[in-house]
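In what follows, structures are represented as C-alpha cells.
Both complexes shown next keep subunit A, but they swap its partner, so subunit B is in the first and subunit C is in the second.
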Partner chain A sequence: MDIRSQVCMVFHLDKCIGCHTCSIACKNIWTDRKGAEYMWWNNVETKPGTGYPTKWENQDIYKGGWEKNGDTVSLKGAGKFKGLKNIFHNPHMPVLDDYYEPWTYKYEDLFTAPEGDDQPTARPISLVTGEHMDVQAGPNWDDDMGGSPDYARQDVNLVKLSAAEQESMFQLERMTFHYLPRICNHCLNPACVASCPSGALYKRGEDGIVLINQERCRAWRMCVTACPYKKSYYNWNTGKSEKCVLCYPRLESGQAPACFHSCVGRIRYLGVMLYDADKIEPAASVSEDQLVDAQMDIYLDPFDPEVIRQARLNGIADSTITSAQNSPVYKFVKIWKLALPLHPEFRTLPNLFYVPALLPTMATVSNGVYDSTSQSLWNGVESNRLPMKYLASLFSAGNTGKIVDVMKRLMAVRLHRRGVTVGDLNSAEISTAMNEVHMDADTANAIFRLTALATFDERFVIPPAHREESIEMLEATGDVKGNTGFGFKETPARGL
Partner chain B sequence: MRIISKRFLKTNSGKMASLLLVCCFLASSASVSAQDGAAIFKQKCSACHKIGEGKFVGPDLMGVTTKRSEEWLFKWVNSSSSLIASGDKDAVAIYNEYNKMAMPDQPLPDTELKSIFAFIASKSPGAVSASADTVKKSLPAPDASLTATAEQIEVGKNLFTGSNAFINGGASCISCHNVNYNGVIPGGLLAKDLTSVHSRMGGDAGLMAILNAPPFPAMTQAYNGKPITEQEIAALAAFLYKVDKDTANQIVSAMDPLLYGGVTGAFGLFVLIYLLWIVRKKNTVKKDIYERQVKSI
Partner chain C sequence: MTNILLFVVLPYACMAIFLIGSIYRYVNKGFTVSSISSQFLEGKKLFWASQPFHWGLFFLFFGHLIAFLFPRAVLAWNGQPIRLLILEVASFAFGLCAFIGVILLVLRRLTTKRVQMVTSKMDIVVFLVLLTQIVSGLLVAYYNRWGSSWFAAFLTPYLKSVFVFNPQIDAIASVNSIWLKVHVISAFSLIGLIPFTRFIHFLVYPVDYLWRSYQQVIWNWDRRNIRTSRFWKRGVPFKNN
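And then the complex of A and B:
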C-alpha cells in the first residue's frame, strides 16, 4: 500500500441552479488577464448540450485521455511516437474558435457619437485582435438549451441512444435539462501530466492538486490536447499553459476555493480522501463497465487502523487523517454511494464526483391535454425525464445499473423525508423504497442533512496545509537556513 | 646555538630560492625578441611568405621593415582588407598584384608583431638591399603532383569529398570548399572555391605550407589538434593539381544534384506529411453551427 491524500470534490447537481456565480468568481480571481480572457477554469454547461469547448467530450475529435492497451493504458493522442509526430503541429488541439473569441464592447461610442437619427451602438471588439468582430459564439451560447438543433442535439452522449429515444428527449412535454458545472478534476491518473514533453505539470504530493510550473512550461500544449476534459488552457500572451489551481493559496490558508465559496446553491463539497497509489494503474485499465467500481476501490476507509498506520508511515499528518474521517466527499462517494465521476471512460480517475440530478417525471399529452400527474407523487426512477442511458454515458461509462442504483437511493431519501415532513405518503411505499437500497432512517436523515442543511464547515473540510512539511518534499530546507528569508522571484522571460 | 643557526639557514635558503625565481621570471619576460619572432614567423607567416627566397603565396618579406613604416605594417597585419578599403595606395597595389586576394587578418599582440619584425630585420642583410631584382621571380614548383599516379589522385579525391576521413579526424574539405570537377558533388560555399587553388597558391609547396599550418582563422580553428598528415597533403595536392589542370575540360552540369535532389526530396516530404496527417481536424468544430446560423439570418 502506498497511501496518499487527495483533495476531492462533490457537486450535487440537484441543487445547481445554473447561475454561473462560480464561473464569475473564478474569472475575477484568476483569468481576468490578457491572454486568459477566453479561459473558464470553472464553467457551467447545460446538458444536453455540446459544452465548452464545443464537443469537448468527443475524443474522436480531440484525442484526449487514455485508452485501454492490454493490461495497462496509453495516452490517446500523446506519448513518445504520437507526441513526436504532432509536436510542432497538433491537429487535435482545440483552436480559439472551438472555445470562442472573447470580446468586449466599444462603450465609449455611446457617449461620443455625434447626434443623429439613430441610437448609437457599442460595437463588439475582439479581446484578441482589438478589432471589430461579429460575435459568433460564447462560452455558454447554448445556456438553457438555447439553439438546441445546433447544440443539444449534437451532444456526444446521445450517440448511445436509439433514434426514438433521442427524439423523445426533444418533445416539448418531455424536454428537460440540467446543469453541469465543471472544473479541473485533479485526476489520480492525469493525462495532462503524462503528456507534457517538458515535465512542467505535476501533481502536488501533499494534496494531489495538479499544477503547471510556469517556469518549465515550453508551450508545447500537449496538455491542452491530452486533457479529455479540456481543462488546461494555453495563454497566448505569456506563452504558457494554465489551468485550475483549485485556489491552492486559499486552501493553504483554510479557505474554500472561490467557486466553492461563492456557490449560491451550495452544491459543492470538498474534503480529503485517502487512496492507494499502487492501485491506480490496475484501476485505470479495467473494462469500461467496471471502471466506476475499480475507482471506488482506490479510496480507502480512513477509520481502518491499518490504513491509518500505513498513512502515518507515508508521512500523512494526523490532522489530514482526521480531515479524511470528517470528509463530506467520503460520505457521498464511499459510504452513501451517491456520487459518480464524470466520464470515467477517459480513464484519468477524476476526483470530482457528481450526484446526478433527480429530474422531474415525464408528462404526457392525451387529447390535447397536458398531463403531468402520475399515480403516485413521483414515478419510478426508470421513467425519469432523462433516459438512464444518457446519464450512464455521462457518469458511469455506460453502466446504467450504477445510475439506477444512485437514483433509487436519492428517491428513497426523498420519500423518507416526505414522510417525515408532510406525512401524506403510504408508509409501505416508503419502506419498500428504503429496503430496496438497504437504507435506514438515520442514513437518510444524514444524507438529507448534508444535502440540504450543511454548514460551511460541514461542506468544506479542509486539511491544515502543513506547508512547513510539504516544502521538504521538494527541497532541503537546511540549504536556505540562515538566509534572509526573502529569496527572489524570477519573472518568465515573456512576461506575465 | 646550533639549532638557531640551522633554522637561520633554512629560512635563508627559502628566501634565496624565491629570489632566484623572480630573477628567472624577469629574464624570461625581458627577452621578447628575434628568437621568439622566428617561432611565431614559422607558425603564422611561413605558410605564405619567405624571406629572401622569393615570392611565394604572398610577397617576399626581406627588407619589408625598412620598405614600409612600422605603423603601416601594424595596420596591414591586423586587417589588410580594411587598409585596402581605406584606399591606401601601396595596399591596393599589393592587393591587385596578388590576384585580389587579401591577406587573412592576423590580430596578434603588438609585442609579438614587434618580435616578428625584429626577426625579419635580422634576416634581411643590409638596408633596402632587397630590391625586386635580387629576388627570384617565383619558386619553381617542385610539383610532385605532375607525376602523381591515378591512385594518388583518387585518394586525394576521397579525402576531399569525405568518402575517406582524415586520419586525425579533421573535417573533410567539401564541408566548406567547392571544386568544379566531374564526379564531385558541389561542395560548401563557406570558404573559397578551390578549383584553381593549385596555381593560385603556389603549387605543391604553397598547399603544403597552408595545410601544415592553416593561416586562415576559421581553418586554424577547424584543424586545431587535428593536423593533416604528410601523405594526405600530398594526395590532396595531387588531386587539386588534377582539378586545376582539367578545369577547361569539365562539363559544367546544368543538373545541380543538390538543388534538384532537394526539390524532389521536399516534394516527397510534403506528400508524406499529407498522407501521415490525412485524418485530422481541419476546421473548427463550430463550422457547421456558424454556417447554419448565417444561413438562417
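And then the complex of A and C:
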C-alpha cells in the first residue's frame, strides 16, 4: 500500500445555473494575458452539445487519453515512440480555430468617429492579429442549446443512441439540457504528464495537483493532444503550455479555488481523499464496464485504523487525515455513491466527480394537450428526459446501471424530503423508494443538508498546508538556512 | 589574413559564444528555452513544411557527424561506386527536403497573418542563416560532387585541427569552391547564433523521454522523513532540474 492524499472535487449538476461566474473568476485571475485569452481553464458547456474546444470528447479526432493494451494501458496518440515521431508536427493537435479566435471591440471608435448620419459602432477585432474579424464562434457558442443543429446534434455521446432515441431528445416538448462545468481533473493517471517529452508536467506529491513547469516546457505540444479533456492549453505567445493550477496558492493558504469560491449555484465541493497509488495502473486497465468500480476502489476509508497507520508512515500529516475524514467529496463519492467521474473510459482516473442532474421527467403531447402528469409525484427515473444511455456515455463509460442507481438514490432523497416538508406523499411510496436503494432517513437528511444548506466550510474542507511546509513548496529551505529570511538569498556576510 | 579571420577567429568566437551563451540562457533564462512552435496558430501548411525540413536536417546533421568522426568508415563504404552513388543521392535528397521545407516555412510565415504575429527579428535571421547553409550545401554537393569522399581529405583535417586547438587552415584555404567556404562559415555562424535564437531548442531535444517513467510525481520534501527527521531535508531543486 502506498497511500497518498489527493485534493478531489464534486460538481453537483442539479444546482448549476450556467451563469459562467466560475469561468470569469478564473479568467480574471489566471488567463487575462496575451496568448492566454482563448483559454478557459474553467469552462461551462451545455449538454447535449459539442463543448469547447469543439468535439473535444471525440478521441477519433484528437486521440487523447489512454487505451487498454492487454493488462496495462498505453497512450492513444502520444507516448515515447509516437511522441518523438510527431514532434515536428503533431497531427492530432487542436488549433486555434478548434477553440475560437479571441476578440475585443474597437471601443475607441465610439469616441473618435467623426460626426455622421450613422451611429458609430465598435467593430470586433482579433486579439491575435489585431485585424477586424467576423466573429464565428465563441467558447460557449452552444449555450442553452443555441444553434442546436450545429452543436447539440453533433454531440458525440449521441452515437450510442438509436436514431429514434436521438429524435425524441430534440422534440420540443421533450427537449432538455443541463450544464457541464469543467476544469482540469487533476487525474490520478494523467495522460498529459505521461505524454510530455521534456518532463515538464508533474503531479505534486503532497496534494496531487498537476502542474506544468514553465521553465521546462519546450512547446512540444504533446500534452495538448494527450489530455482527453483538452484541459492543457498552448500559449501561442510565450511558447509554453498552461493548465488549471487548481489555484494552488489559494489552497496553500486555506482558501477555496476562485471558481469554487465564486460559484453562484454552490454546486462545488472540494476535499481530500486518501488513495492507494499501487492500485492506479490495475484500475486504469480494467474493462470498460468495470472502470467506475475500479476507480472507486482506489480511494480508501480515512477512518480505517490501518489506513491511518499507513498514511502516517507515508508522511501524511494528521491534519490532512482529519480533512479526509471530513471531506464532502468522500461522502458524495464513496459513502453516498452519488457522484461519478466524467468519461472514465479515457482511463486517466479523473478526480472531479459529477452528481448527474435529475432532469424533468418526460411529458407527452396528445391531442394537442401538453401532459406531464403521472401516477406518482415525479415520474420514475426511467422516464427521465435525457436517456440513461446518454448520461451513461458521459459518466460511466456506458454502464447504464450505475446511472440508474444514482438517479434512484437522488430520487429517494427528494421523496423523503417531500415527506418531511410537505407531507403529501403516501409513506409506502417513500419507504419503497428508500428501501430500494438501502437508504435510511438520517442519510437522506445528511445528503439533503450537504446538497442544499451546506455552508462554506462544509463545502470546502481544505487541508492545512502547514505554514512551514507551504514555504517548502516554493523554496528549498535547506538552501537558505542560516540566512535572515526567505526573501534574502545570500548569507548576510560582512563586506570587504 | 581574411582566411585567419574567417576560419580561425570566427569559429572560436562562435563556439565560445555558443558554449557560454547556451549555458547562461539555460540556467538563468529557462523560461525562454522553447521551440516556440506555431502549430497552434496554423497547422496545415506546417505539416508539409516542418516535416521535410526537420527530418532532412536531422539526417544531414548525423551524416555530417559520422563523416567527421569516422571518415575512414565512410571512405571504406564509398569503395564501390554504386555505394558512393547511393550515399550521395540520399544526402542530396535530404538536402532537397530541407530546402523545400525551409522555403515552405518562409512562405507560410509570409502568407499567414497569425504566424506573423509571433515572428521575431531573430526568426528572420534564422531563416537567412538556414537558407545560406542549405543552399550552399546543395551547391557544393552539385558542383563539387562526391563530397563524402573528399570530405576526409579537405575538411576533416581542418575541423579536427580546430577542435584540438591547433588550427591548420591550409587545406580549407586552398579549396577553390566558394560555396564550400560559405558553407563552413555559415555553419559556425549558426552555432554562434544558438543562444540568441530559437535554435536553442535542438539542444533540449527530449531524448531522456525514452528512459524516463511515464508518470512524474514530485514531492517538495521527503514525505516519509519529514515527520520524524530533526534535520533539514533538501527540497527538489526548482530550476531546470
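One rule holds in what follows: the second predicted complex is superposed on the first by the 470 of 496 C-alpha atoms of A that agree within 3 Å, B and C clash if a C-alpha of one lies under 4 Å from a C-alpha of the other, contacts with A are read in each partner's own complex, and residues count from 1 in each chain.
As a convention for this text, contacts are C-beta pairs under 8 Å (C-beta built on N, C-alpha and C of every residue); 3 or more make two chains touch, one makes a residue touch a chain.
Predicted, not measured: the structure shown is a model, and the values here were computed from it.
K.L.:
After lining both complexes up on subunit A, report clash or fit for subunit B versus subunit C.
P.N.:
With subunit A as the common anchor, subunit B and subunit C collide in the superposed model.
K.L.:
Counting only touches as set out at the top, which of subunit B and subunit C does A:C217 meet: first, second, both, neither?
P.N.:
In the superposition, A:C217 contacts subunit C only.
K.L.:
Please work out whether A:I125 is in contact with subunit B alone, subunit C alone, both, or neither, and reply first, second, both or neither.
P.N.:
The answer is neither, since A:I125 touches no partner chain.
K.L.:
So, A:V95: does it touch subunit B (first), subunit C (second), both, or neither?
P.N.:
Both partners, subunit B and subunit C.
K.L.:
Kindly classify A:D150 by the partners it touches after superposition: subunit B alone (first), subunit C alone (second), both, or neither?
P.N.:
The answer is first: A:D150 touches subunit B but not subunit C.
K.L.:
Have a look at where A:N314 lands relative to subunit B and subunit C in the superposition and call it first, second, both or neither.
P.N.:
second
K.L.:
Between subunit B and subunit C, whom does A:K240 touch in the aligned arrangement: first, second, both, or neither?
P.N.:
After superposition on chain A, A:K240 lies in contact with subunit C alone.
K.L.:
Look at the residues of subunit A and decide whether subunit B or subunit C touches more of them.
P.N.:
Between subunit B and subunit C, C touches the greater number of residues in subunit A.
K.L.:
For A:I24, decide between first (touching subunit B), second (touching subunit C), both and neither.
P.N.:
neither
K.L.:
Quick one: is A:K85 in contact with subunit B, with subunit C, with both, or with neither? Answer first, second, both or neither.
P.N.:
first
K.L.:
Could you tell me which stretches of subunit A are touched by subunit B in one complex and by subunit C in the other?
P.N.:
Shared contact residues on subunit A (touching subunit B in one complex, subunit C in the other): 91, 95.
K.L.:
Across the complex, what residues on subunit A touch subunit B?
P.N.:
Interface residues on subunit A, with respect to subunit B: 53-55, 61, 85, 91-92, 94-95, 97-98, 136-137, 147, 149-151.
K.L.:
Hey, which residues of subunit A end up touching subunit C in the complex?
P.N.:
By the definition above, subunit A touches subunit C via 75, 79-80, 83-84, 87-91, 93, 95-96, 128-131, 189-190, 193-194, 196-199, 201-206, 214-221, 224, 234, 236-240, 312-317, 469, 472-473, 475-479, 481.
K.L.:
Taking the touch rule as given, give the residues of subunit B at its contact with subunit A in the complex, in rising order.
P.N.:
Residues 276-277, 280-282, 284-286, 288-290, 292-293.
K.L.:
Looking at the complex, which residues from subunit C come into contact with subunit A?
P.N.:
Listed in rising order, the residues are 30-31, 33-43, 46-47, 50-51, 53-55, 113-114, 117-118, 201, 204, 206, 208-210, 212, 214-227, 232-241.
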